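Letters A, B, C, D and E mark the chains in the order given here, with residues in each chain numbered from 1 onward.
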Amino acid sequence: GGGGDETEAADAVISIGIGEPQHLIPSNATESNGAEVLAALFSPLVDFDADNKPYLVAAESVESTDNKVWTIKLKDGYTFHNGEKVGADNYINAWNHAAYGPNGNGGSYFLERVEGYKDLQSKDPDGEEGPKKAPDPVAKTLTGLKKVDELTFTVTLSEPFSGWRSVMGYTTFYPLPAAAWQSEGVLKEDFEQAPIGNGPFKMKGKWEHDAKVEVEAYDAFPGDKPKVGGVNYRIFQEQTAQYAELMGGGLDVVTQIPIENLASAPTDLGDRFKTSPNSVFQFVGFPTFQKEFEKVEVRKAISMAINREEITTSIFRGSQTPATSFVSPAVAGYRENSCGEACTYDPAKAKAAYEAAGGPKQIKITYNADGGHKAWVDATCNQLKANLGVDCVGTGEPKFADLLTKVENKEPVGLIRLGWIMDYPLMENYLGPLYGTGGSSNYYGYSNPEFDNLVKQGSAAPTQEEAIKLWQQAEDILARDMPVIPLRLGQNVFGHSERVKNVEVDKFQKVEILKIEATS
Amino acid sequence: MTDIKAEIDVLPGLDSSARLLDVENLHVEFRTQAGVARAINGVDIHLDPGETLAILGESGCGKSVTAQAIMGILDSPPGFVTKGAIRYRGVDLLKLPEEQRRKVRANHIAMIFQDALSALNPVFSIGFQLGELFRVHRGTSRQDARRRSIELLDLVKIPAARQRINDYPHQFSGGMRQRVMIAMALALDPKVLIADEPTTALDVTVQAQIMNLLAELRRERNMGLILITHDMGVVADVADRISVMYAGKVVEEAPVLDIYARPAHPYTKALLESIPRLDMKGQQLNVIKGLPPNLLRIPAGCPFHPRCAYARDVCRADPPPQQYDVAPARTARCHFWTEVVGDEPAGS
Amino acid sequence: MFRYFVRRLLQGVLTFFGATFIVYALMFANQSDPLQALAGERPLPENVRQALTERYHLDDPFILQYGYYMKGLLTGDFGTSLTNRPILEMMEQAWPTTIRLSFIAIIIAVLIAVTAGIVSAIRRGGVFDNTTLVITLLLLSMPIVVLAPLAQLIFGMRLQWVPATAGADSGLFALVLPAFVLSSLVIATQLRVTRASVAENLRSDYVRTARAKGLADRRVIGVHVLRNSLIPVVTLIGTDLGNLMAGAIVTEGVFNIPGVGFMLVRGIRTEDGPLVVGFVSILVIVFLVVNLVVDLLYAVLDPRIRYE
Amino acid sequence: MSNIESVTQAEVPTAIGVPVSPESGHEKPRSLTGDAWEDLRRNWIFWTAAVLVVLVVVMSAFPSLFTSADPGSCALARQHKGPSGAALFGYDFQGCDVYARTVYGARNSVLISLIATTIAGLIGVIVGMAAGYFGGWVDALLARGIDIVLGIPTLLAAIVLARRLSSDPNESGFWAVALTLGVITWTTGARIMRSSVISAKNQDYVAAARMLGAGPGRLMIRHILPNAAAPFVVVLTILLGVNIATEATLTFLGVGLKGDAISWGIAISESAPYVTETARPLVWPSVFLALTVLAFIMLGDAIRDAFDPRLR
Amino acid sequence: MSQPVAKDVVLETSNLVKHFPITRGIVLQTQVGAVRAVDGVDLKLRRGETLGVVGESGCGKSTLAKLLVGLEKPTSGSIDVRGQDMTRLRGAELRRARRNIQMVLQDPYTSLNPRMTVGDIIGEPFDIHTEVVPRGERKQRVRELLDLVGLNPEHINRYPHQFSGGQRQRIGIARALALKPEIIVCDEPVSALDVSIQAQVINLLERLQDELGLSYIFIAHDLSVVRHIADRVAVMYLGKIVEIGVEDEIYERPTHPYTQALLSAVPVPDPTLRGQRDQIVLEGDVPSPANPPSGCRFRTRCWKAQDICAEQEPALTEREQSAHPSACHFAEERNVVHAVE
């Protein structure tokens, strides 16, 4: 619970609701729950300001002349919670561990751009003769990482990338203390249960799975001091339960109020009900293997027949906003309505265009049933039925994995529901994975060499401004090709108890841990 | 059985000078789907302390129903007492509230049931079912109840009672179950005991012992006994008075010697004539011809007339024969009782 | 009797293997891509996929996988979940909670169902009978996905009589509401079965005897009739455990109780074979034990039933 | 309980020279079934329940008889609108006509539940009877089988079964759901049956029939089943209701009905979160569901009572 | 009646034994002994013969009867019905064999299915053994049977609970008679009946025997009834037959002290003789069948008992003073039935 009446506000312990983290090893914590906790335990090299520009935190400076070799100088005075001084080795060892393929770290792909990454991976030899054991990779360390002195090291990328500074703001790039290692390159078995970081808070006890993770202020932290004495990250299985607990008085912060409660939350919470933008981008994709959606006109007509406004207000109760671009406003370079006419609701025109293009009589939208998507899919279908005069069904697959399996098997899944949260605030983080050929989340198989090229050029551009320009050009191609229909942009819809104030939730859906305060 | 008799709530209005038990014009009917079965149509019986009244009658004539009505444990619905009074020491039991009526049971009037297997609860041990009486009515401790239960079982001649007290009814033989029922009825020292065929499942030696036991208790405690049985031998042995029932009515009532010597009702006569005797091995036993009446359609007039050798027109017409006084303390419901009494006695 | 126990034990062992095999097979049959399931909607980097596949033998044939699993199991090692937690540890956490929860739920259910069942059996067609019928129907027509949040909303959030959620190491008090919700799943059946059973036994001859003994109706019914009526009810308690587990999937989520139901759903959703099989193994053992107890209870309740 | 029909129903030619009493001619021989029917015919509860059940079944078969509205025509603009001439019960969250959806939902809910319950009932009777009656290794085998099925999480079984059963993407999943539900819900019935058979088979009348030379089939069907069925019938009638709700849960988990299927269970669970805004979309399907279950419970009770001659 | 001439034996048991385990504890049951309900019984039943079985309550009569019809499995020994060992038969064969041996159970109510009408109960044998009566005639046969046992055929549609105890008993008899079996084991078939019906039933049983050549094993407490119907009588005491012989031998010339005691205790339906009869009153408690006395089981209550009785179990054989088999070392005739005269 929150701080007692007697304790000073600064010593107060507040509670924040999270889900069970999958991992608490920085390079493996790729989902928001783990990231949320680690953000309290670790201090990043850079963080992002309100304009999504990186600013330095644990780094003294991050410099590059050619966007290829980056020199990182660390601030002096940072120590791990066990007293170890933070130095260049802590970063290099952590990153090597992160990148080494057999370690299976979820965040390893962030290091893809670093020179030598390929040598740390091994090819799966499984083939005709069935599964085989993979050979060890040829190298254990990244050639791109070089220690200069105790507090300085360089990162060499395989290709120039102007956004690298932003990339390093991600969880994967936290340092690890010497105490974390069992032997070289091997993490201690139970390090994860009580990670030792360099951040404003340190672990209090161990990670109690499915129950809580407790942290308390780390006195020797040289940076901005937190305004509370500790945080109890209480683990919940369902967001509805978090909200119930908030209402029942047992929890201080709920970072995402579930849709079910949105109708009553504003009145329940009054001015403690808040929203802030985040990076979630919701859309549906057209699988390229389905011939009926081949024509751009058909795809555009469908997009035009969807009344995004109505869905965000009626179904999402304003917790999401209509999307009319292919990236989220959380990144620099975002332009409103880059999608143009195709994302503007116009049922009459849509119907005419659809009929002219000879769109299919039946449309199917496939979604994963475990994500609470049924309501809006049904609503979308109802709109399509009414506006295009087609038959539309939403089909729920039990899990996202099932949906992917169907897509892989090229089953006629129809439109597939997808969503994206950024890893780092760059346009590229949307364009590459979502629309690039072979992009990690490009499940629908969109491929346009021209687009790929522009994205690549943008990444290699010497300055951010130039990069953005190129990326925007790439986005325009998307507007022309319409491989997906942008639907909605996410928002953090959060609430808190009367025991806390100054609650803010950032674009990564994390509570701003240094800002939050207890009311005395 | 020398219990320190705990205080039993005295029934209000209990009059020790009144008759021990007096059943007057009792009517019971069963309202079934097929119609109303008039099982009891005006039964009159009475009982004095220390007396044994035997109720005889064809199977299905309403003996058990009468007993159940006296106990107040008729299945209701479908069974209803529609008319009459059951007075115990002057108190009409039918008018008592259930709570007080309950206290009469087992304490004042107890009953031995006909069907011993189904009458015992199959899932409780004999010891529990016996001991329960003491525990509930007398508030004795578990051990005491057990001790007394063993005493009771000994009393009714169950071998090795101490070992078998924890057995369940299905582990007992038919006769043993019946004796358990008897023990249960005797447990609380009742003033009236209704024994519904208490010894049908017993061999003659045990039967003799049980009947002796009942006789002893009757004498010692001045207990009134209503004995319902088909065994004319037992009746001859122990009964003081006999009521013969037919179709839910008492058709003849008389002291035991008189009935055996000279029955005054044709039914009684026929009944006595069908007894097999140990010392004789006749070829054919006499039977009463015809069928017992259907209770849904009891014949008009004398219900026995379809089977009666004496029947004339008057018997077929309503009203049924009244209660004729044959002799002091002796009645019969037959228009031609004089004829019947006059005939050769049954048997030899 | 000893032989009976030994026999049941042997059966239990076979059942255990049968059950683990079947569940393992089911999980296997159901497997599409456990790693993707684990990752949710995030794309899975190839190297991660490779490393995890290797670690959990995911590309081995079914029999081999089962073999690995059983080998571990027989040495007391339940293996690790795909989330890299020792399954034994997860069980140590989940089982006590769930057992506590189910226990309270069953007690609540039995208390309510048996009492109400008896009363409505005695007064069949009376006001009480009909009222309970209506309430039962209302509960029945509310799936647990509706009932649990509703109860939470009313008693936990609005009235705040009880904690809105329970959490991992919750006290008994916090479990009362979830237990009530859970018990609603089984109350209906238990109540009506009790009612039917009691009504049936009320017509037995021994009831007449008991009344002739001058026993109060309370005792006649509460002791004599009840014991004879309990067999179906006891049976239900045995199987209701299954319903409770199924119901726990929702209830544990709503009230944030990290118990077996929740672990199972998570395991099933993430296609976490070892995790699910581990929990189901124990679950099957629980059922074996419970149903053994139920079978023995039959013999306790009805001495005519004998086991050799 | 339809097994209890009597073989002795055959017409009897008027007694030829049989020495029976004259009145005996009136009464035709009846059997328990005949008597039960006689009893039911005069039971208003039975008729009320029967009419309700018939109504619901007709509604499932021909929903268009009850409403002319299209349950699939929904518009968010009408979200949670109150009742009007067009929509008797108002509109739901998606702006669909609650009445039309309730009427059309009957089919999936009632038929699936009926089929599932029938399957569960059949398996339950067969397994429970066999286990209870034969005892020994048959019982061991079946009872342990029940233990295994109980142990297998419903969700897992449902996912696997539903997926295997409905690999055809054009299938609505109706049969898959019905079969799945039937296959996973029979255990309670089976155990209940087993327990009552265990107590019923020790009865004297079973021994008596065995003595007559009755085989196991006859003993089970004529003697044990009728006397052991009461709790089983109760469990089944309740299961009927439970299955309607479970169907909703399965559909919600994505392993139930496909696409835009309509059912009461789905309607209830989908509208539950908005109960504070408007209760109608939650209440109406619930009322229909409750009434249906009530009808079946009443029917079950009436039939059970009718088959208990001691109640007459 | 005269000595039954050497007719073919329809039923023979040899050394039939049934022990019921006595257990303590409910969950962890342990056997602490055994009730020796039937402890070595040898019987022969011939065609057309009635064997009466009498004996103390709890001496194992019902158990013996149940063994004979296969309702209980014997602990050891064999039961031959017309040369077939019933204890070895299984399945359909056993069922067919059962047609020939029927039983009237002691407890009338529990042996009737509460959910079957009387018509169905009595008609059931025909449904099982369909070859006996053609379908169309079954109903009629049921009515005949009802009539035969003195039940109103109008009651064909009633249920067991609607009958009185005696009426129920007759339903059981009618059912056993239905198949006209060769052997009927009657476990106290008339003890719940009123004398008139009792007479009817006995007459009926006798008539059927004459007409069909049935054999009966007739268990009863009413010795008068047994005498009336039985050709031979076996007297049981604590699981064993202690005396067996033709009816006259047992009633007129009993040689076993227990038989004598039994006969002397029979009540006579004549109130004038009350208290005048010469009853042999047995002393001592009835021993428990779980722990029977050594040697002669009756010795604990026997007025003739001597040391040898405790040491040596008397065999059931003919003896010097006993022309028929008697299990007493000191068997000696004594007329107790006519003792009053």
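In the analysis below, contacts are C-beta pairs under 8 Å (C-beta built on N, C-alpha and C of every residue); 3 or more make two chains touch, one makes a residue touch a chain.
In this text the structure is predicted, and so the values were computed from the model without any measurement.
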Tally the contacting C-beta pairs at the A-C interface and at the C-D interface, and name the larger one.
C-D
Relative to chain B, the most remote chain by C-alpha centroid is chain A
Centre-most chain by CA centroid is C
On a CA-centroid basis, which chain has its centre farthest from chain E's?
A
How big is the gap, in whole Å, between where the Cα atoms of chain C centre and where those of chain D centre?
23
What's the distance between the Cα centroids of chain D and chain E, rounded to whole Å?
49
Between chain C and chain E, what is the separation of their C-alpha centroids in Å?
53
Hunt down the residues of chain B that sit against at least two other chains at once, touch-wise.
32, 115, 118, 291, 294
Where in chain A do residues touch two or more of the other chains?
260, 368, 370, 398-399, 402
Per-residue overlap in chain C, given as positions that touch at least 2 other chains:
149, 153, 203, 205, 302-304
Chain E touches which residues of chain D in the complex?
4, 6-8, 10-13, 15-16, 18-21, 23-24, 26-27, 29-32, 35, 203-205, 207-215, 218, 222-223, 226-227, 307-310, 312
For a test of understanding, state which residues of chain E touch chain B in their complex under the given definition.
1, 20, 22, 24, 35, 54-59, 62, 106-110, 150-152, 154-155, 162-167, 188, 191-200, 202-203, 221-225, 227-228, 247, 251, 261-263, 265-274, 279, 282, 285-291, 337-338
Which residues of chain C touch chain A in the complex?
32-34, 36-48, 50-55, 59-60, 83-85, 89-90, 93-94, 149, 152-153, 156-157, 160, 163-165, 167-169, 252-256, 258, 262, 269, 271
Could you pull out which chain B residues touch chain E in their complex?
32, 56-61, 64, 114-115, 117-118, 154, 157-160, 163-164, 166, 171-176, 178-179, 197, 200-208, 211, 230-237, 239, 256-257, 260-261, 270-272, 274-279, 281-282, 284-288, 291-292, 294, 347
In the complex formed with chain C, which residues of chain D make contact?
140, 143-144, 146-148, 150-157, 159-160, 163-164, 187-188, 191-192, 194-196, 198-199, 202, 230-231, 233-235, 237-239, 241-242, 244-246, 248-249, 252, 265, 268-269, 272-273, 275-276, 282, 286-287, 289-290, 293-294, 297, 304, 308, 310-311
